[in-house]
Every structure is written in structure tokens, then in C-alpha cells.
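What follows is a pair of complexes built around chain A, which joins chain B in one and chain C in the other.
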Partner chain A sequence: MRVVSAVSGVMVKELIRKKDFYVFLGLLTAILGFLSFQSFSGIGGVSRYIEEIGYTLVMLFVFIIAVTFSAKQIPDEIRNKTIYPLLAKPVSRGSLIFAKYAGSVLVSSLSFLVLYCVYAFFCINSGGGAAPVLYAQGLFLGECFVLLSCAMAMFFSVFLTFSANVTLSFLVYFTFGFFAEPIREAVLRAEGAAGLALSGLYYLIPHFDLYDIKVRLAHSWPPVPLWVLTVVGVYTALYCFLLLFVSEKIFSGRRL
Partner chain B sequence: MDKAVSIKGLRYTYGPSGGAKQALKGIDLEVGKGHIFGFIGPNGAGKTTTIKILLGIMRSQEGSAELLGRPVGDVKVRSRIGYMPEVANYYGFLTARETLMMYGSVFGIGKRVLRERSAELLEKTGLSGEAERRIKYFSKGMMQKLSFAQALINDPDLLVLDEPTSGLDPLARSAMRKVLKSLQSEGKTVFFSSHELSEVELVSDRVGIIYEGGILGEGPVGELIGGKEAGQSLENYFLQMIGEGT
Partner chain C sequence: MKRYSFLVISAAAAAVLCIAPLADELTAVEPGKAGTGGMPYIVRLLGESRSIISSMMIAQADRYFHGGVGHMFPGHEEECPICSASQEEAHHAGRPLSGSGGVPGKSLLFRAAEEINVGEHRHLQGDEIKEMIPWLYYAFKLDPSNEQAYVLAGYYISSRLDRPEEGLKLLREGVKYNPGSWKINAEIGRIYLEEMKDPDRAVIYLSRAGKFLFEIPHDKFQERTVLSMLAHAYEEAGRPSRAVPFYRRLYALFPDTELYRRKAGNVR
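Let's turn to the complex of A and B:
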């Protein structure tokens, strides 16, 4: 626990002292502010756009923060040689991986919370606004999204360079975050060995589409049933555990 | 002799078998508690590899090593060790005080004690005026001082220093020597590597010479120099040992 607290404390200071987060916060505020201004200019139904575009932007920005933060932790420690004084202390490689993951989740969750509050503020002030329970569900699913994004980037970081990690993470995110439906249809249509292989691949790759409730928010649909949220939560926990377990095994055997 | 460091038949080879470089060729070494041991050798001799294996950062491929009577893989023994790496790189966005607090908290030291200890170490290393400055603005010498301070944050029984004086001015070197001597008087052991032989001669009571992955000689400085030819320097002795002396 002391390692997690020391390492994540440093990462929170990095978030506060570097510009990255403020750029995203400024950008989100500017875009949502501009869209809100349009509603005062007489364009009707703009609140729906704010809810949909705003949610997409929040998730995208949080994904960028989560992936870039998680992806650089281990490679940067090795490149800058800051890993040596850490591992020379009572810190095992496994606890370092877990501490870095916990730090990345903390940093990304804080960012998500701030960005989500800005988003909710603009949604409510633009005359729209879904039921509070939907916003709470968005918060829960967003947190699951953060957990999985950080775990995936942390997993890639033990054997990929920073740029390869970010590229691959974005490929997975965009593929399943935006094209989940056509991919699902293609997988269902495929037959024989190819169908089996595609199905395996389809279920193996993290499903970021599970966390997306922008349509429900934009159209004020009923909240997600509790059992669905439970299944998504269990899926996230199992997937993160598996990714971190394999990351620890690979990193422990790695020559530094 | 109560041993702080014990190495038996340590071997390590870098790279694939075709283009492999044997960094350690089965070295044996023992350092008693309370000594300042200088581990000397030219660049690429195997000093840093030995230190990384001792600290559990790298795993030996053959042989064994113990620190303070415990195997080097034991994470718990590292709570009694302080380590100053060869290249002093730390998180640039932290201040000097925060850096010490961070490394100290890894040992589970309480915040109040840690604050006092950080202030004391910053004073001891001449960095108290820079305590609240972010370390990305530090010079190489200041980074070395901070690196030395972080190695002392847990009040270690064994201090492992890799090229500690590189980048330090003569005043800072002298101050570091004083700190090392005072640590020795408290019963602590210092194991430090260097290729600056004059520095080693000034501070060590025992030395070990490593060259191309093998130990060429080990013993008290005076005995090694006097045993060869009275009045000669450690540098001359070292050059003779590696076959470069006149």
C-alpha cells in the first residue's frame, strides 16, 4: 500500500503540474460553451447535440489521458533510469506494476470526474439534461472505461514502445468504440473456421462500446438495468485482473 | 568477519549466445560490516552489473549473492539498504524535498519523521537552499547531491553507491567523504564503485579490483599498495594489475 501511495502521489503531482489536462479541460469548455451559445441564438434542440458531442469528447479526452499516462509509466522509468532507485528499495516488480496502474487510474479518474462535471453542467444549463440516475450511470460506466483503458495501456507498455502502445490502444478504441455494430454483424455472418476465429478475436479484444451511453443521455431513454451494469462491472474487473496478471508476469521476467 | 556483502561465483552474460558479452566471469567477493569498500575498475569492467545484481534489479545467471545475510532477491532486506545510481535521474516536476519524501514513504517512514529527515539530509548535502526548487532546474552536481540524499533517507545499514563522485566539485567531494566517514563511525557499511582511483584511495579502507568481468585483487588499500612497492599510488598498482603499468 505504501508503494501505491508513494507512486500514485507522484503521478497526481505530474497531472497537476503539467499542461496536458488543462488543455483538454479548456478545449471541452470552449466547445461546449460554443454549442451552448448556439442554443441562445435560436437553434432548437441543441441540448441533444451537447449531450452527444460532449459525452463523446469527455470519453475521448479521458481515453487520451488514461492511455498516454499509463503507456509512458514503465518505458519512461526505464529510459530515464528512475526505475533503478525504485527497485533498489523494498519494491517488487509486481508491486511497481500495480502501483503504476493504480496511479494511472487515480489520475484518469480525477480527470474524468472534472470533465464529466463540466459536461453535466453544460447539459443541464442548455435546457436539456437527462435523469440524474443516467448521469450517475454514466459516471459508473466511465470509471469502468478508465479502469480498462489504463489496464490495456499498462499491459501493452511492458513489451511495446510508447508510440506503438498508443497507436495500438487507439486502434482498439476506435474500432470497438465506433464500429462495434458493423463488426458484430460481420462476425455473426462469418461461417466455419473463419467465423470461429473471428468470434474468438471479437470477444478477446476489449469492448469499449459497452461503456457508451451517449444515446441514452441524448434521448433521455430509461436508465440501464442494474443487472447490465453488474455484468459490465464484472467484465471490467475480470479483464483488468487478467491484463495486470499477465503484465506482472512479463515484466518480472524482463531484463532491465 | 560479519559480512555485509557476500558474492560467490557470480556470472552474467549480456546479449544472445552468438554476440554475447560476458560481463561477470564468476566473481567472488566479501565485504565485512563497518567497512568502506571501494569497487574499482575501468568503464565496462562489470561494476554496475555487479551492483544491479546485488540490488535485485538484475538476476544473476549463475552464482549467488547475499546482502546483510539475506539473499539478494529478498525484497525485505532492501529496507536496510541505500542506493545511489550511476546516472542521477529523478522526476523533474518534483522539488528536492518532495523527491526525498516520496522515496522515504516507500519505506513506510511516517510523515513527521520524514520531514525532519529530509530537512537534515538536504542540509547535510548542501541543498537546503534548493529544497523547494523543482529538480528539472538542477545542475548535474546538484542531482548527484540529491541522489546521495535519497540513498540515505532510510538511514541504511548498507550504502551502495555507483560512481558517487562523478559530476561533483572538489568541495562537494570532500563533504561526501566526511559523510561517508561519519557513517562508517556509526557502524554502517559503504560499498561504492568508481573509476576515480584517487577518490577511492582517500576514502576506502578496502578495495576490490574488477577488470573484464573478473576480480584481479582485493584487500586493504595500504596492504595492496605496500605489498607491491611501498609508496606507490593505487592508480599505479591498478595499472600494473591490468597490465598497463610501466
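Let's turn to the complex of A and C:
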């Protein structure tokens, strides 16, 4: 536990010291501020597009922070050779992976919380009609999104370089984010062996679409049922556990 | 070597930034269009891709009209897009949870994904219509040659949001960029006829729309759109005799329509 808190503390300091987060915070505030003051042929009080664009930006910025922070942890330690004194202490490789993961999650969650608060402020200020429970659900799903993003980047980081990791993470995010619906339709339509193979693939890929409730938020649809949130929470926990477990196995077998 | 590369990259970027809008100005001008000269630099920099983005924004406005859900249901594709006439109140049922493939008994993960994606849709009503205006606004700002964006924005602002003056203002802007557009002129004519109750002005714009329409290949439905409004405008302006030739033409195009037969007088 001390290892986790020590590593997490260093990473939070890194977040505060580095400019990434401030750039995203400034960018989000500037874009949402600009959109809030827009008037279209004298028509004001338009809020839905601010809510949708804002949510997309928050998720994108948090994903960038989560991936860049998680992806560099292990490769940086190896490149700077600081991994040796770290492992010389009574710290197992598994503990190190978990500590780094926890640090990344903490850093990304803090960023997400601040960005989400800015987003909620602009939404409420522009007259957004979403129910408070939907904002709370957005917060929960966003947190699950952070957990999965960090776990995925951490998994890639045990066998990929930083740049390869970031590229692959973005590729996975955009591909399975944008094509989630067609993939689901294809799985549902497929039959026989193809159906079985596609179903297997469906469960294997990370489902970032499960955390996206921007349509519900922006267009004031009813909140997501509780059982869905439970399924998403359990799915995230299982998927993260699996990724970290495999990461630990790969990292333990790796010659440094 | 590093500095040299930086210089080459900078020079190439500067050349692109200077040449791209110039090339766009030279290549994008079509007959009857005002060109790209009056557009902001950043918009001209996008080149022809702006027309794709502009069309995507119309699709986004359509999605907003349906409560953030696209036309994904069988049988709904052409029922009520924002550019069609059928914009009555609607609340369509969602898809079955098993998806359009109709495969029952899928896992909780499938069902959760289906639940998170909104599976039904409704139409914007009343003041909610304003929520789709930003996309239409950016659609014509980004590509002023997009006549459909002007016409849709003009229709929704003037007729659905009860701001005919604002609608006319942006349609006139549309005419500036598309001086030969029959669609925009017809929409201005419609607003004068239906919203402003000024049939004399409506006649001017609808006649202009008819003139532009007959200069290009068109179908009988487009002809009906303009001619029926023009004939109606003449009647409203107290000159019913001027409407008769248009009703005769409409009767020739649609011989099954009783109204045209009656209005066309003794023509058979």
C-alpha cells in the first residue's frame, strides 16, 4: 500500500508540474465559453450542441491524459534505469504494475473531475435540461472509462514503446468507439462459426461505447437503468483485472 | 540538418497556407455562384472538403431533430427527414433489444450496450427546434454554396420559430452567394406568401425561382413546388387571372389532381 501511495503521489505532482492538463483545461474552457456566447440569427439559449461537444471533448482530453500518463510509466523507468533501484527494494513486479496503474487512475480521475465540473458548469449555465442523476451517471461512467483507458495503456506499456503504445491506444479507441454500432450489428447478424468467432472478438475488444452517454445528456433522455450501470461497472472491473493480470505476467517474465 | 529540415517544413506549410485558398478561389467557382472570395480565410483553407463537412452538419441537424438519434430504423429512412414535409409530432418506437438482426437471447453486455444507445426517437417540438439551428448555421457558414442549408435554416427560423424577418435575412445572404438558386428564391417567396402575408413580394421571388428552375433540368415535383405557390400568390394578390396559366401547367403535369382541374377552368 505504501508503494501505491508513494508512486501515486509522485504522479500527481507530475500532473501538477506538467502543462498538459492546464492546456486541456484552458482549451475546454475557451471552446465552451466561445460556444456559449454564440448567437444564431438572433436565436439564443441553445444548449444541446454545447452539451454534446463538451462531453466529447472531456472524454477525449481525459483519454489523452490517461493514455499518455499510463503509457510512459514502465518504459520511462526502464529507459532511465530507475527500474533497478525500484525492484531492488522489496517490491514485486506485480505491485509495481498495480502502483503505476493506481497512480495513472488517480491522475486521470483528478483531471476528469475538474474537466467534468467545468463541463457541467457550462451546461447548466447555458440552460441544459439534463437531470442531475444523468450528470451523476456521466461521472460514474467517466470514471469507469478512466479505469479502462489506464488499464489498456498500462497493458500495452509492458511490451511496447511509449509512441507505439499511444498510437495503438488511439487506434483502438477511435476504431472501437466509432464503429461500435456496426460491429454489434455484424455480431448479431452473423450465424454459425462466424457468429461464434465474432462474438468471441466482441467480448475481447474494449467497449468504450459503453461509457458514452452524450446523447442522453444532450437530448434529455431518461437516465440509464441501474442494472446497466451495474453491468458496465462489473465489465470494467473484470476487464481491468484481466488486463493488469496479463500485464503482470508479461512483465514478470520479461528480462530487464 | 535539423534547422534545414525545419526551414523546408516551414516553407512548405507557408506555401500551402497561401496557395490553398487561392487554388480554391480559382477552382470552386461554378456558374451562378458568387465564388469564395467573401469567405473567411480559415473556411477557404478547407477547400472542397468544406462541402462534405457542411453536408455532415445537415445530417447532424437531422439527428438533433430526432432527439440525437439517426435514421437507423427500417421503414424510417425516408419518412421524416428535416428536409421533408412530414414534420408532425412523432415518438417512434425503439428497436428490439436484440438489434435489427432480431437475434434473441444475447448477453447482458449486448443488452447494456443497446440500452445505453438510445433506441427510440422523437421529433423536436416548439421552441426545442432552436437546438438544431447551430448545425444548419455552421453548415451554410462553412459552405455558402450549400443551398439546402440556407433553405432549411430559413424554413425552421421563419416558420417553426416564428422569426420570418430573421429567416429572410439569412436567405438573402444565401442569394448573395447563390444568385441563381431557385430553391432559395422559392423559400423567400414562400415566407412572403405564408408568413409575411405579402403576396406581391412573393410573386417577385417565386417568378424568379421559376425562371431559374426552367434554366436547369428539373422534375415535375420541383416544378409543382414553385408553380403552385406562384399561382396561389397571384390569387392572394387579387390577380386570379394571372394564376390560370400556372394551374393549366400544373394540371398538365398532374392530371389526377382535382384542385388543378378546377382552378385551370374549362381546360381538359
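Here is the rule we go by: the second predicted complex is superposed on the first by the 242 of 256 C-alpha atoms of A that agree within 3 Å, B and C clash if a C-alpha of one lies under 4 Å from a C-alpha of the other, contacts with A are read in each partner's own complex, and residues count from 1 in each chain.
Heads up, the rule we're going with is that a contact is a pair of C-beta atoms (placed from the backbone, for glycine too) under 8 Å apart; a residue touches a chain by one contact, two chains touch by 3 or more.
None of these values were measured; they are calculated from a predicted model.
After the superposition on A, what does A:Pro90 contact: first (chain B), second (chain C), both or neither?
first
Check whether A:Asn165 is in contact with chain B, with chain C, with both or with neither, and answer first, second, both or neither.
The answer is neither, since A:Asn165 touches no partner chain.
Check the residue A:Thr82 against both partner chains and state whether it touches chain B (first), chain C (second), both, or neither.
Touch status of A:Thr82: first partner only.
Which touches a greater number of chain A residues, chain B or chain C?
More residues of chain A are touched by C.
If we overlay the two complexes on their shared chain A, which of chain B and chain C does A:Arg255 touch? Say first, second, both or neither.
In the superposition, A:Arg255 touches chain B alone.
Which partner does A:Asp209 contact after superposing on A: first (chain B), second (chain C), both, neither?
second
Between chain B and chain C, whom does A:Arg48 touch in the aligned arrangement: first, second, both, or neither?
Touch status of A:Arg48: second partner only.
So, A:Glu14: does it touch chain B (first), chain C (second), both, or neither?
first
Quick one: classify A:Tyr235 as touching chain B (first), chain C (second), both or neither.
It touches chain C, and chain B stays clear.
So in the complex, the part of chain C that touches chain A is made up of which residues?
64, 67-69, 98-101, 103, 106, 108-118, 130-131, 133-135, 137, 153, 157, 161, 163, 166-167, 169-170
What does chain A use to touch chain B in their complex?
So the residues of chain A in touch with chain B come to 2-3, 5-6, 9-10, 13-14, 17-18, 80-92, 255-256.
Can you list the chain A residues touching chain C in their complex?
Residues 38, 40-43, 45-49, 52, 180-181, 184-185, 187-189, 202-203, 207, 209-210, 212-213, 215-216, 218-219, 221, 224-225, 228, 231-232, 235.
In their shared complex, at which residues does chain B touch chain A?
52, 55-58, 75-76, 78-79, 81, 83-85, 87, 89-91, 93-94, 98, 102-103, 105-108, 147, 150-151, 154, 160
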